[in-house]
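Working notes, structure below.
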Amino acid sequence: MAILDVQHLTQFFGGLRAVSDFNIQMEHGEIVGLIGPNGAGKTTVFNVITGVYTPTKGTIVFDGQNIVGRKTYQITQAGIARTFQTIRLFSKSSVIDNIKIAYHFRMTYGNTDAFLHTRKYWQGEQFVDDYAIDLLRLFHLEGHADDISGSLPYGAQRRLEIARALATKPKLLILDEPAAGMNPAEADQLMETIHWLRDKFDLTILLIEHQMRVVMGVCERIKVMDFGETICEGVPEYIRNDPRVCEAYLGKGA
Amino acid sequence: MGQFLQQLINGIQIGSIYALIALGYTMVYGIVRLINFAHADIFMFGAYMGFFLAPVMTKIFGGAFIPTIIAAMLITGLLGFVMEKLAYRPLRYKSRLSALITALGVSIFLENFCALPFVFGPAYRAFPDLIVAGNLPISASLGLTIPYVLLLDVGVSVFLMVLLFWFVNKTLIGKQMRAVAFDKPTASLMGINIDVVISTAFIVGPALAGAGGILYGTTYGMLGSPFLGIWPGLKAFIAAVLGGIGNIPGAVLGAYVMGISEAFATSVNSNLGYGIAFVILIGILLIRPSGLLGKFMPEKV
Amino acid sequence: MNFLRTHRTIATVIAFVLVYVVTKALYLTGILNTYYIQLIILVGINIVMTVSLGMVNGFTGQFSIGHAGFMAVGAYTSAMITTVWLHASTANPWVGYPIFIVAVLAGGLLAAGAGYLVGAPSLRLKGDYLAIVTLSANELIHAVLNATEAVGGPRGLGGIPKFTTLEVVFVFAIVSVVLMRNYLFSSHGRSMKAVRDSEIAAESTGINTTKQKVFVFVFSAFFAGVSGGVFAHLLQFIDPSSFTFVKSLEYLIYLYVGGATSISGAMVGAAIFTLLPELLRSLQSWRMVIYPLILILTMIFRTEGVMGLKEFSFILIPQRKRKEVSA
């Protein structure tokens, strides 16, 4: 059974059709890329899947449950985590707190324990501190644990954002332009990381990316969107040679 | 029936004053996304200008109303301009919250500064008569009369609103204002001088509020204290939210809805008149947060 | 559990006991007169008001501007209970104080209820709705109190027994600040800051942001309500004009000048601005002209307030050493 099954997804903003009849089925463990020119509706698809917008039409079944109409936080709790096109860290909080925040909904102590700092609080805090530092270590960020996250260099912020998404223990990870702003060496590193993530955390990954080298190198399957429509999909070699894709990116006659 | 029409007329009268205030809130919000809390105090300032200028104007021009309202509008427009320059402009690229806090600060400052004994003073003042008192009888059988001052309120407001619509829709600077409200970065790339547009909004809005202040003084015949702007300002702001904040026709519509509901609520119970604004506000939040004429804007993620 | 933690807690407790003993001694020897003691009590009340406002405005990033409204609810509720309904008195403290405590807590709960009514519809939405709703609610509460004869209308409510002493306010302020500090330094407190830094990212990490915002708003209103009760039983007379929007603005000034993103900042702001007018008594009528100017200048030149993100060390929770961290 597909872990994510999106059928006939359509999204209007007023009179503007941002996405029309979008379909995708993802099997457990797959890495799928979503590409297309700016304004093609890729990020809108992400926002609809993660509950930021409610779709005008269509169904989204994740892990056997229909998630249309659920709130963003409920969808995250169900197992979909994401990163953002422009980094959205909790920039005034420390690096480690960014991770701990993402674990909040799994914490076992309640408001009363928080007010009174009961034994349950101390146990919970100790546990989450260990959990967070272990996760930071995997991303080579443990040395910055107590720094303010907004002060990290750009590359480290990107890594932290992925680490934060993983802290929610997702089944499906959605990455919105993870290589944006990276140089070729960093992008190579990222491709390795994405494969490693999938294996290490047993993930399914959906990503948007503009750097073709990254998309072709990391994805097993690619969908191409233009003006809200899916214009073709397939394995990287197929996409590379499809004239419609060139046309969408470069215009007719290219 | 007569009672109903009378309340309707009263509502339109107070709604006209709210509309003049609400327009300033909505224009400034549309352009800089700031609730200019001090706008209520500019309205108050306008009313006091009427009090001080009317005797002078009478001496110079013979008649008082037209020169007084023009002078008050010029002064409040200048006040708005200076306020933006000194208090808000330095914060334009800081967090939105700091501008909002500053707006509150400016508001408290204006109220308390004006309440100092050598400025306007905290005491009650009788507002000079700017027009002839009297009533226009409409229907004796219904007991319906229209005071001249009501005709004046509605007439002046409608005139100024028409002037504003012309300004915003037909003049170059008006078109630039709409462009900036729609998309500031793009407007700026198109060569629109954002500073000029913002300053214009901070002149035009306060000038209208100043006119509202004069009408307020003329209508009620007295000025309670330099804190008199708080309630009308609050109601006008709620009216702007009701109409769809940032939307100019919305502010006018919201103001009349607010004025009329208030007139009817007050006729039932004078305390209900205060509460109705709050009821409307909670109603908007629950039912239609974008307001009557506002559009839903998806957040950019 | 941990030597450092216990040690610092003890040091802090000793420091506060010392402050109390010194204040009391100065009072008993006549160096501080009743007026100054009253001022110190007001500092305590204003600290709780400002810190609780900071929970909403500073740490959760919302903009509530009608905090005095909740204070009024607490003040009137508790005063009605002690004075009008139960006729409590300080003559018999063994009966009086339990009633007082129940009364201020009841005031807090009613204020929390009012907080829920105000917060729930407005915090659902993003944007500036909360500001305008809290402002309206503050003015509405003021108008309702003015119009309600049963609570004295504009004449106010007098003859309230003076339960609020130096000891009461010490315990009240310390307990309140510790509770709020504890909450802030918890997983829930971290989610508050997450909401402030990026609401959309907080939602995306599984936080029910609306619930978190409403909860903070409600407990903030609770502390404002209790402060109101303590305030009423200090002044022994309350009237609607003690709780106008202007009063709310004062707390906003204390908060933002002191530093909204720091408990210590809120405390410093409250303390300085409560004591300052006494040093400048000749400027009394200028107070509300000067304060907003200070606020505006703070926003322009030091937006984050005097304390910024810093905390006094007694506010912080001592952290345990982490296992083998290598940079």
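Labels for the chains are A, B and C, by order of writing; each one numbers its residues from 1.
Just so it is clear, contacts are C-beta pairs under 8 Å (C-beta built on N, C-alpha and C of every residue); 3 or more make two chains touch, one makes a residue touch a chain.
Remember, predicted model here, so these are calculated numbers, not experimental data.
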**OP:** Return the chain label for which the distance between chain Cα mean and whole-protein Cα mean is smallest.
**Re:** C
Subject >> Chain whose Cα centroid lies at the greatest distance from that of chain B >> reply: A
**OP:** Using mean C-alpha positions as chain centres, tell me how far chain A is from chain C in Å, no decimals.
**Re:** 40
Subject >> Inter-centroid spacing, chain C versus chain B (mean Cα positions, whole Å) >> reply: 34
Subject >> Gap in Å, rounded to a whole number, between the CA centres of chain B and chain A >> reply: 47
Original post:
Residues of chain C touching 2+ other chains?
Top reply: 200
Original post:
Can you list the residues of chain B that touch 2 or more other chains?
Top reply: 299, 301
Original post:
Residues of chain A touching 2+ other chains?
Top reply: 52, 84
Original post:
Along chain C, where are the residues that touch chain B in the complex?
Top reply: 61, 63, 65, 121-122, 124-126, 128-129, 131-133, 135-137, 139-140, 143-144, 147, 200, 245-246, 249, 252-253, 256, 285-286, 288-289, 291-293, 295-296, 299-300, 303
**OP:** Note which residues of chain B are touching chain C in the complex, please.
**Re:** 35, 87, 90-91, 94-95, 97-102, 104-109, 111-113, 116-117, 230-231, 234, 237-238, 241, 271, 274-275, 277-278, 281-282, 285-286, 289, 299, 301
**OP:** Would you pull the chain A residues touching chain C in the complex into a rising list?
**Re:** 50, 52, 71-73, 76-77, 81-82, 84, 88-93, 97, 100-107, 109, 111, 113-117, 121-122, 124-126, 128-130, 133, 142-143, 145, 164-165, 167-168
Subject >> Complex interface listing, chain C residues touching chain A >> reply: 1, 179, 182-183, 186-191, 193-194, 196-198, 200-209, 215, 261, 309, 317, 320, 322-323, 325-327
